[in-house]
Structure formats: structure tokens, C-alpha cells
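The block underneath contains the structure these notes are about, expressed in C-alpha cells.
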Amino acid sequence: MVNGLNLAFQFLDSFAFVVLAAAGLAIIFGIMGVINLAHGEFILVGAYATTFAVTAAGLPLPVAMVVGSLVTALFGIAVERTIISGFVPNWIGQRTVGRDLIEPLYDRLADSMVATFGLSLVMVQSARILFGNSIETVGTPFGNVAYGEFSYSTYRLVLAGVSILVLVAAYYVFTRTTFGTRVRATMADEQTAKALGVDTERTYMLTFGIGSGLAGLTGALFAPVLSMQPTLGDQFLIEAFVAVVVGGPSVVLGTALSGGVLGAVSATVTNLTDSTTFGRIALLLAAMLALRFLPGGITGFIERVRSRRQEGE
Amino acid sequence: MAAESATGADRGALARIRGRLEGPNTVGNSTGFWIGFAVAVLALVAYPLVGNGESFSLFLVLALLGLSLSLVWGYSGVLSFGQVVFFGVGGYTFGVVSINLPDPTGITAAALTGVVVGGITAALLGYFMFYGGVRDVYVTIITLVSTMVLQTFMAQTAGSEWTIGEAALGGFNGMPAIPLLELGITGVVSYQFVFNTLELFVPGLGTVEVDPFYYLALAALVAAYLGLRVLVNSDFGRVMVAVREDQDRTQMFGYDVKRVKLLTFTVGGALAALSGVLYAARNVYIDPQVFALWFATLPVIWVSVGGRKSLLGAVIATIGIEYFRLSVQGEMALVVLGALLLVFILALPGGIVPWIAGKISGSAVPVSELDDADAPAEVSES
Amino acid sequence: MSSEAERSEASGQASGETASSEPERSEGSKNASGTDTTMDPNVRETPAGKATGDRTDTLLQTDDLVKRFGGFTATDSVDFSVDEGELRCLIGPNGAGKSTLLKLIVGTLEPSGGRIYYDGQEITDMEPNERVRSGISMKFQVPSVYGELSVRENARLPVQQLADGAERRRRVDEAIENAGLAGYEDVQASALSHGQQQQLEIGMAASLDPDLLLLDEPVAGLSVDERTEIAERIRRLNREEGIAFIVIEHDTDFVGEIADSVTVLHRGDVFREGSIEEIESDPEVRRIYLGGEQ
């Protein structure tokens, strides 16, 4: 019974971690075809901004988290305008040498990986130069829940709850709002969307901003439980990456399902081997197998099964 | 016409060699290039006399790693973050075997084993991916994930149970006390390359002491570079390029694309493993940092800046960037590196060397006819 | 006059007057993969051009071939066959499934049901590159030459696995010349005009010495002169090399110039088959084009 509870908590932990890590990345990858290897560093921005908001500006934690997310979102928009779409450099280029200087990174998967990795290097090192090797942390709120001889941080339960909220909110935005419709139209067929009057440039910019904001939110949420170092983004990156790709084309459902599956694998192995390291390894191996055997990701697989079912006998 | 005189026959042989080394798939196909190449090699040979050969040899070793990615990415279109996996596997294998067999024969065998095991690892991963129909960006992601798996795994091999024979894997702290690289056959002939000095008599400078490992690494690099040039300009090399350009179309010409990718990936893996073996031998130490994400991305940086479709670009960029990174102390180096990468991939996605080569020559015509290295060549200057 | 006679003769039997020699190459059924288990011992495996004037052999046959995409049936239990040396045109309204059928034959699409036989051997599960080595070659709808490579490098790629040295150079030069691109050897393929790219790609597909050449809209977007050139090329390849063709085209004049026989596809199945005159005068065919009931 106790072990079952342990397992349940480990699962919630893994699930929340994967979903929150992946949310922002999934949106950017799914919609813009850009792989943001600086995603971990966006989380860093959110975490640091939140921490500073508390330690330097004395804001209460929830407010600080909002601040952290917003800062990251704005930063993301700045990045989008300069590096991803090349808007600013090209604007400069048009006025100086009369031509575009760079091409947008949309749908250039390999190039976007390399470029954003460069960005992440700059960000991590800048953080180290500006703020040193670590900064003062924010304490974990809420205390613990006790059961048997174990106790579990209540805050981590909160995180699990928030991760579900994020999924629900994303689903709502995608399917129920005008903005969401525009986004899905652009995702499906950019040319047609443009022809129908959708400002695809602005959609991309806002989407990247939202994805960055979500990354910032993740950083903000995890700030109380992590050690604040410039490299804190690393632990999120691979899991996020893997969850996005294993999830497949459907942004919300894919993230939810891969969070569930990968979280379950990780939690089970962690429970059995008593080692989070092996849990992590198991998660990564499971992801490799998923990529090999389910080339469209989980939701891609579901779609294929559904269409095959449609074909009838 | 190919001349009938004796010099014509010599020219024929030289032209044949050049014919193998040249082609549309590499930059530098003129006599001018080869002269410049010879000068550069000579300069590298002379370098230890004026500079620090001991530290420079690291860049030569890493250039092999860069070459391996150039082969795999630039020439068959597989963006692999996993070259460091084979690098690390090669290094660790060398360490394990040589610690257990610390005599020259054993160490030589260890070096060979390292390369072979690295190649086999690449073959297995390649088979898993390519024959499983995994495509494009998913291949890249799998290679990235495999790097992470190895890093996570090796970092926790700290306990004493993680020992192979006499060699403890050492977990996060790595595997120290790797035997000094002494190659040869025990009791017959052997030479120690690491932590040894070679005395050379240089006319004009007298007797100089140099680091023999430097020359070992240089020889390996030059051999690998020339060998790869032959490979990519061969028939197989042309198929590799076709696969890179349009793998579906290439399959429709009767080529087994999966096999081409697997072979290229395996050769690339073996080359990366060779680099790893030399790396471990040079440092007499290896640790899981070789599997870290930032290190896995370094080859991508080198090759992106140098020009992924250019072997020469990979070599020059690796040496240049690493020299810069390790000589400029402090965190600013990485900031500059990251910014460099950003600027390059956005402004010059093809890389430096092809851009320069394009500016210099327009397009230099290779010595022999483009078709066939075996044909009697018209030696023409571009 | 004489072309009519030539064409009916060619369609009636594999022409014995083929002069060109077949190169050294692994023959159809003992292909690169080396497996031979599905060979039907009752069917002679005579590649086109080598038969000595006997009855025509069926080169390609599909048996109840089906392809579905989700709920949509693109290929509906198709029984389709082509003889050695036959020049067949495949026509039909948009969406009839013509390209799909060709892709099933060459192997870039996997069937949902049914079988395909080529040269007496079942190839339903064979990889595309193995089918190509067995003698099927295809030019796709969208011209896909290697844009970054020169014309010569493009032409060399299919040929280099068939020949070496002087023979290789001869074939490359021949392919380039037949495509009308002599003098363009070092031009980057992406710099060629659309028509030139089509010619190059047809040449590349033909240089594999196939027995069956599939062309998906070879003259789309070409001028009248260019169309005539290509029609001539196709007829020549058919006559001199004995290559069988399946050509998808919408231009009825073009079809009339080259076809031995015509298959009309409609809604994924064979609607009519016959000579071009029979098809042209068939009111049912006209109706499906104009969108009447099925």
C-alpha cells in the first residue's frame, strides 16, 4: 500500500516534470517546425527571474512566478524577432545593403538545432558571467504530506496539478479561441492560411512568445525545488525533447500521452531499482524504442490506427 | 594527349593519384591547392619546433572527430549528435583493454579494439535506426538521446562492482591511469608515444626535442583526410552525396540507401572511435564528460562553421575553434563560441571553407576527367 | 504509314531487330538480393529485346491490386498487365489513381491488398531499389534530378553501377546526348529549364537499361516542340531497345503519337482498354471525363 503510494507519487512527479518541461517546446516544434535547443535556457530565465523577483524585489512567490513567465515570454519574442524569423536583421539589411541577411529558421530542423544551441551557449555563459555559479534560492512552500514513514512534498503535488491545468488551458486555447484556430490553420498550411488573411508572421511571433512563456512558467514553478545554477536547464532539455517527439503531431494530446507513458516508465524503474538515474535511463531508452517503432509518435500512431480502422474489413 | 615520353608516364601515375583524390565532392582540385596543402602539412610538421606540440596535439586528435561528423553529416546527410558516443566508447574500450594488458602488444591491441568496438557500436545503432526506417530529424534525436543514455549510465559507474578485469570504470570521476601509449610487439619492437621525447637533428637548429605523440596524431589526421578524400570522390562517395541530396530518388536508381547510410555511419563511428582512442591515450584518462551534451554538440559547431560538406573545412574549423576555445580562458570563450555558431548558421549555412573556395576559384576543374580515375588523364590546369 | 506498321509489329511481338547489346548486369529474377524463391518455373524470363520472335510474354501483371488511404480507395482491385516491349498509355480523369498505380508498381507505395508480378516473379514485397535492379525504372511526376549536381554527375549516377571506364563514359555521353543536353555537361541541374530537366530525368531512367519504364506525365509543362522530341525519344527507346512503357499523360495528341494501347482508369479501377482509336471513339470514356455518372 505504501509502495503503491510511493509509485503513485513518483509517477505524478515524472508526469508533471515531463509535461511542464515539454509544453513550451511542443508548441514551438509542432507549430513552427523549429527545434529550440535553448529551451532549457528559457526555463533558466524563468527560474532566475522568479528567484530574483523574490530575493531582490521582495515579491510574493505567486506574483514572482507570473513575473518570471512574462519576462521569459518577452525574451522569447525578442529571440524570435532576431534569430528565428530574422525579422530584425533583415530589416537592418534592407536598409543598409538592400537585401535580406538571413532566412527564417521555420521548418529547418537541423539548422534550428544548431542555431539555438549557439544561443543556449551564449545564455548559459552569460548567466554564469553575470550572476556567478549559483544564486540564492527560494524556499519550497507548503511543507509535506506524511504517510507511513514517508513524506512527500506537498508542493510537488501542486506541480502535478498545475501540469494538468496547463494541458487543459492549452487545449482550450487551441480549440476554443480565434487565436488557436489561426494557429492551427497556420500549422496545417501556411500558404492557405496567409491567403485567408491570417497574419502568419504575427502568429509565429506570438506562438514563440507563448512557448517561451510556458518554458518560463516551468522555470518559475520549479525554482523552489531546484538549485539555482546556470546549467539547470540541462536536466529539462532532453526529457522535453524526447517527450515532444514521442508525443507526435498533436500538440496537447501528444504531450499528455508521452508525459504519461514516459513518466510511467521512469517511475516504475525508479521504484524497482531505487535509483532515479536508472529511471532516467529507462525513460531515454523507452523514447528511443518509441521513435524507432512509432515513427509518427504516439498520436501519429493513433491516427494511423484510426484510419486503418476506417478502411473497414 | 597523354604524352608518350617518360615524363608522360610519370605524369600519368601522378595524375592517377590525383584523380582518386579529386572530384566534385571536395574543395581544392587544382595544383595550387595541393601545393598549399603540402605547405600546410610542412608547417604542421615544423610547429613543435616553435610552438607547444604537446597541447596542439589535442586539436589534431579532435580534428579526427570533426572529420567523422563531416563524413556522416556532410556527405550522407545524417546529422549525428552521437559521434561522441563512438568517441567515448573507443576511449573507454582502449582504457579497459590496455589497463588489463599493459604491455606493448596489449596496448596496440587495445587501440585496435577501441576502433573496432566503436565501429561496431555505430553499426548497431545505425542498423537500429536506418533499417528500422527512422528518418531525418528522428535519427538526429535518437543519436542525441543515445549520448544522454551513455552519459547518465557512465556517470553512475562509481561503485567497485563496475570493474572490468583490472579496470574500474570510475563513474563520474572517470578512469585514470590508462597505460602510456606504447605501440608495437612486446620484446620485438615498440615505441612509446606518450610522455616521451624524440630527439631530432634539424639543420640550422641543432638537436631538438619533440613530442612523438604529436607526429602520431598528425600522421593519423593526414592519413584520414586523404583516405576520406578518396572515399568521397569514389563511386561510393557519389552515391553518398546522392543519398544526401535526395534519398528517395537515389533508391529509385537501384541503390540500397539503407546500406549506404549504414556503411557511412559505421566508417564515421570507427573514425570517431580512433579519435577517442588517441584522446584517452594522450590524456591517460577518460571520463563521462565526453558524453555530455555540450561536448556532443562541439563537433556540430566545428563542422557547421567549417562547412559540413567539406572535409578540409571540418579539419580547419576544429583546430581553429578548439585552439581559440582553450587558449582564451574564461567563460567569455564559450559566449563568443555560441555567438559564432549563431552567426554562421544564419548567415553562412554552408560554412566558411566552401564559401572561400567558391570565391577563389569559381570552380576548379579536377586534374583527371571527372568520370573515371582509371582513364588516361589529360593533365589540364584549371 | 510505316510508323503504324512498326508499332503494331512491335506490340505484337518482342522485336528481334534490336541491335543494342545488353550490358553485363544481374538479370531480373536473380537480383541483387540474391533471393529467388518466388520464381514461377512456368514463365520464361526473357527480358524485352532478347526474345526470338515468339509469342509475347507478359512482363508486368497485377492481381486484384488494392490501395487505400484511410477511408479512401485509390486503387480498387485492379487487374492490369503489360507485355514485353509494349507501349501502354494510362489515362483517366484526375483522381483516377494513375500515379498511385505506378507508385505501387515501382514500390514507393505498399499495397493494401493484391499482388504484383514482374517477369514471372512476384514482387509485391520487394523493396523499390530491388525492383529497379530487376528492370523497372520510373520518372516521377515532379522532375527530381539532383539540383546541386551537374548534368554530367546526374547522368553518371545511374550508370556507374552498370559499367566502368570507357564504357561508362560512353554511356554517360550517350545519355546526355539523347537528352539533348550535349554542351551542358557542367551546368548545374537546377539551372536547366523545366523541359531540359524532364529530358535529363527520362535519360537517367532509361540509362538503367530497364525492361519497363514508367513515366508519370513526361511532357507536363512542355512546349509543342519539346513534346514532339520526347514522343520521338520514347518511340525510339521502345523500338530500338525493346523497352516496355507505361506512360501517364493527359495530352491526347501525345498519347496518339506513341501508344500501342491505352488503359483508361476511373475511380481506381480499369475502365476500358484498347487501341487509341477504340478509346477515342468510346462515348463512355468521354462521359467519365466530362463528369457524368460512373
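Letters A, B and C name the chains as they come in the text, with residue numbers starting at 1 for each one.
Here is the rule we go by: contacts are C-beta pairs under 8 Å (C-beta built on N, C-alpha and C of every residue); 3 or more make two chains touch, one makes a residue touch a chain.
Every value quoted in this text rests on a predicted model; they were computed, and no experiment measured them.
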item: Closest chain to global C-alpha mean, per-chain Cα centroids; value: B
item: Top-ranked pair of chains - ranking by C-beta pairs in contact; value: A-B
item: Maximum centroid distance from subunit A, chain identifier (CA atoms); value: C
item: CA centroid of subunit B to CA centroid of subunit C, Å; value: 44
item: Whole-Å separation of chain centres (CA-atom averages), subunit A against subunit C; value: 49
item: Chain centre separation (subunit A, subunit B; CA means) in Å; value: 35
item: Contact footprint of subunit A on subunit B as seen in their complex; value: 79, 128-129, 132-138, 140-142, 144-146, 148-149, 152-153, 155-156, 293-294, 297, 300-301, 304, 331-332, 334-335, 337-342, 345-347, 349
item: Interface residues, subunit A side, partner subunit B - complex; value: 35, 83, 86, 89, 101-103, 105, 109-111, 113-115, 117-126, 128-129, 234, 237-238, 241-242, 245, 275, 277, 280-281, 284-285, 287-288, 291-293, 295
item: Of subunit B, residues touching subunit C in the complex; value: 24, 235, 238-239, 241-242, 245-246, 248-257, 369-372, 374-375
item: Touching residues on subunit C, where the partner in the complex is subunit B; value: 32, 106, 108, 127-129, 132-133, 137-138, 140, 144, 146-150, 152-153, 156-158, 160-161, 164-166, 168-169, 172, 204, 208
